[in-house]
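In order of appearance the chains are A, B and C, and numbering begins at 1 in each one.
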Amino acid sequence: MRVKGGLRVSSGTGFKVYSKNAKLYFGKKNYIRKNCSIIVGESGMLKIGDRFFMNNCSSINCLSNIEIGEDCLFGEGVKLYDHNYDYRSKELVPLNKRGHVKGNIIIGNNCWLGSNTIILMNVQVGNNVIIGANNIIYKDIPDDTVVLAKQYPVLRSILR
Amino acid sequence: MRVKGGLRVSSGTGFKVYSKNAKLYFGKKNYIRKNCSIIVGESGMLKIGDRFFMNNCSSINCLSNIEIGEDCLFGEGVKLYDHNYDYRSKELVPLNKRGHVKGNIIIGNNCWLGSNTIILMNVQVGNNVIIGANNIIYKDIPDDTVVLAKQYPVLRSILR
Amino acid sequence: MRVKGGLRVSSGTGFKVYSKNAKLYFGKKNYIRKNCSIIVGESGMLKIGDRFFMNNCSSINCLSNIEIGEDCLFGEGVKLYDHNYDYRSKELVPLNKRGHVKGNIIIGNNCWLGSNTIILMNVQVGNNVIIGANNIIYKDIPDDTVVLAKQYPVLRSILR
């Protein structure tokens, strides 16, 4: 784990680096709020740029490779997974015995991931991207993009 | 910070009141569970009525003005934000340098916000409103309303 | 509370068993990560099978009856509720005075509930079910099923 300088972490947040081969780099002036979780597995590599802000209850789960650029902002409950249980395999063994499929996640500069954004493996997010709250992302997002839920919830009157 | 009486708070929950000018009022018999976060910024004002219940991992983020009536119930992971990064401005500076746009959130009496409800700035929620889980709300909701997601997820068979 | 053996629990996680009549059974080799919450009310019964894994910030809220089979995996922020505020009743008393309606939740073997999955009362989930992240489930799911959100968010370009 290498920290350029100015890493600030609030209570309830934990880091887990599983082996000597795992690599975790923090840029300058990073701030991680409460109850977050950062995991870097066996041979994982997680690089985070300068001025990164991660709000409460967010997590980064890196078994392979995750890179986050400069000036990125995570809302509350944001979750990144660069791996998946191998649920597509047709083996008849339980998921927890199948191991993981792994990929990467690359996030550009100046991105804002709204609360409860989930990003799955093999996603590349460009620069200047804003992702609205509660979205799950499994496709690439080009530079200069806003991402929003397609449907707004419906309102029904309560009859009394 | 003024508490009328009977504020009960579980472990992992924190309050942050940023200045002397910030105001935080709690009614009677409020109960806030674990790992919640309540923030009142510089000149923010947050008023919460009697018998408020806030379940685990919820947050109220008040930089301007939030009011919550009597007998309101928050599920787990509910989040209120009365401000936004100024992402619509066309300035070419990073979001974290642009400051916030601020508004208010007003919630009536006897409202139940389901788990993972997110309410954004300039939303007024009437009395007796029920919001189903996982919805993000950015428009007003009239009295006596149930709010539900429009789409139900799809089921696909796993072929073996 | 009865534990077959090998229950591992991380920091910030809490159990609440409301009475002597409430029953909580854990199978072998269960692992519950950080900041989770397990509640078993008055006369509730919660049974969890072997090799259960529950990731950070998840919760099980059992006032009546919840059963989870063998080899089940919960992502982060998964929430189970076997009860509901009685919001359909037309009484003119606040929700918090109406008490709960209760049901059950039955989950089979080898199920994976993605992050932020919410399961409501009276839902039966079969064996070998995979639920994608951010979905709320209030209908039964048959064996060997993948459950996914119907709509993908929309992308809009930011004009500069």
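Keep in mind that, in the parts below, a residue touches a chain if its C-beta (ideal position, glycine included) is under 8 Å from a C-beta of that chain, and two chains touch if they have at least 3 such contacts.
Because the structure is a prediction, the values reported are computed rather than measured.
With chains as nodes and touching pairs as edges, the resulting graph is complete, every pair of chains being joined. Residues touching across the subunit A and subunit C pair largely diverge in numbering: under half of the numbers involved belong to both copies.
Least-squares overlay of CA atoms from subunit A onto subunit B yields a rotation of 120° to the nearest 5. Put simply, the C-alpha centre of subunit A and that of subunit C have 23 angstrom between them. Listed for subunit A are residues 12, 35, 57, 77, 116, 130, 132, 134, 146, 149, 151, 160, each touching two or more other chains.
Residue ranges of subunit A in contact with subunit B, taken from their complex: 11-12, 33-35, 51, 53, 56-57, 70-71, 73, 76-77, 90, 92, 109-110, 112, 115-116, 130, 132-134, 146, 149, 151-158, 160.
Residue ranges on subunit A touching subunit C, taken from their complex, read 12, 14, 35, 37, 57, 59, 77, 79, 81, 85, 87, 94-96, 116, 118, 128, 130-132, 134-137, 139, 141-142, 144-151, 159-160.
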